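Here it is: the structure, laid out below.
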Amino acid sequence: MSHEHFKECIEECLRCMQECNHCYDACLKEEHSGMMGECIRLDRECADICAYAAQAMSRNSPFAKQICSICTTICEACGNECKKHQHDHCQRCAENCFACAEACRKMAG
Amino acid sequence: MSHEHFKECIEECLRCMQECNHCYDACLKEEHSGMMGECIRLDRECADICAYAAQAMSRNSPFAKQICSICTTICEACGNECKKHQHDHCQRCAENCFACAEACRKMAG
Amino acid sequence: MSHEHFKECIEECLRCMQECNHCYDACLKEEHSGMMGECIRLDRECADICAYAAQAMSRNSPFAKQICSICTTICEACGNECKKHQHDHCQRCAENCFACAEACRKMAG
Amino acid sequence: MSHEHFKECIEECLRCMQECNHCYDACLKEEHSGMMGECIRLDRECADICAYAAQAMSRNSPFAKQICSICTTICEACGNECKKHQHDHCQRCAENCFACAEACRKMAG
């Protein structure tokens, strides 16, 4: 599979990584950050798997499909948590998580 | 420089990575996790640089010394934050951070 | 699941990460490194998933089992490649890969 | 410092990460990959620091500047190696490395 083949999915993963990290940073600064524990935790999980998946696809890893499969699961879990919270950063993060989950699901095939 | 040369410093980094991640998980579960924001943030920073430094040293990276230099800085910052908190996981994490900072400082030379 | 629960599997992953990176470095220096392409590639894949799995387990990731499942697959692939080559670093790496695959398989349950 | 502040530098790092990984994959497949050892090694070093720097900036790491400083060094080393080789993937990688080094140098301030 070629570098180009992965292009769209890599871009979704890198966008999702950035939004998750932004949400993580913003959650840590919220006045009631104590209520945001699950969101903080899942933001890190999701940013890390997205970074890992993007690296794997861009080096044409033989394991890219399986990595995208687990990335789908983690993006969905993070999106489901984030969408419960009214903060703009959580809502925007949820949207990016679901878009990334969709791209990874196709890639995992 | 050889794999063996790095052995002690790699071990300190990997121990510190584990303690930082353990402290991160425990802080997220504390009743007053809202007060633990800086600790959570620095635990992640420190776990990530320690993992990165251990990978770099074990693959004999030409940049291992500079990476250990920044690892020293981050370990000290994390240790200084953790030692402010009375939780056992914070105190143990602080100890590991300072030990790792010391090993990385020697390596950075 | 607790930090301690993961202890043995984390240790196997971190040992395997180091041996894979050592093998990667040594393969790049071999006179006939052109024949070692698959070994170099899989050493990086395996070191990276092992580092990722160890981080995930030590922060008590909700996705630790699935991550260990894919780690099993990658460790086996790397071990199977490395055991084809007579270099000491390849043989030692293969042994560590198979031991890590076994620990991750149990964890993935 | 805000998420937006880092935007351009994050984008350069993520582009550079992809080109380095693409060059790494292509070098491993070259007929004379034995001559490409330093390029393969530096491509991995550079992809990994770029991924790490992008993660750090997007989570508003207190250490983003120091991380960008070391990223500058590694991007330049990788660019200098890649530009020695005539392959298209090496030449394109070199260009991206130098552009990323420039963005990181500004960020490191």
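Residue numbering begins at 1 within each chain, and the chains themselves are lettered A, B, C and D in the order written.
Note that in this section a residue touches a chain if its C-beta (ideal position, glycine included) is under 8 Å from a C-beta of that chain, and two chains touch if they have at least 3 such contacts.
Source: prediction; values computed, not measured.
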item	value
Of B-D and A-B, whichever chain pair has more C-beta contact pairs	B-D
Centre-of-Cα separation between subunit B and subunit A, whole angstrom	25
Residue numbers of subunit A (touch at least two other chains)	41, 44, 48, 55, 59
Chain-level touch network, classified as line, ring, star, complete or other	complete
For the subunit C and subunit D complex, residues of the former touching the latter	28-29, 32-35, 37, 40-41, 44
Partner subunit D, residues of subunit A touching it in the complex	3, 10, 14, 17-18, 21-22, 24-25, 47-48, 51, 54-55, 58-60
Subunit C to subunit A touching residues, read off their complex	41-42, 44-45, 48-49, 52, 55-56, 59, 61-63, 66-67, 70, 73-74, 77
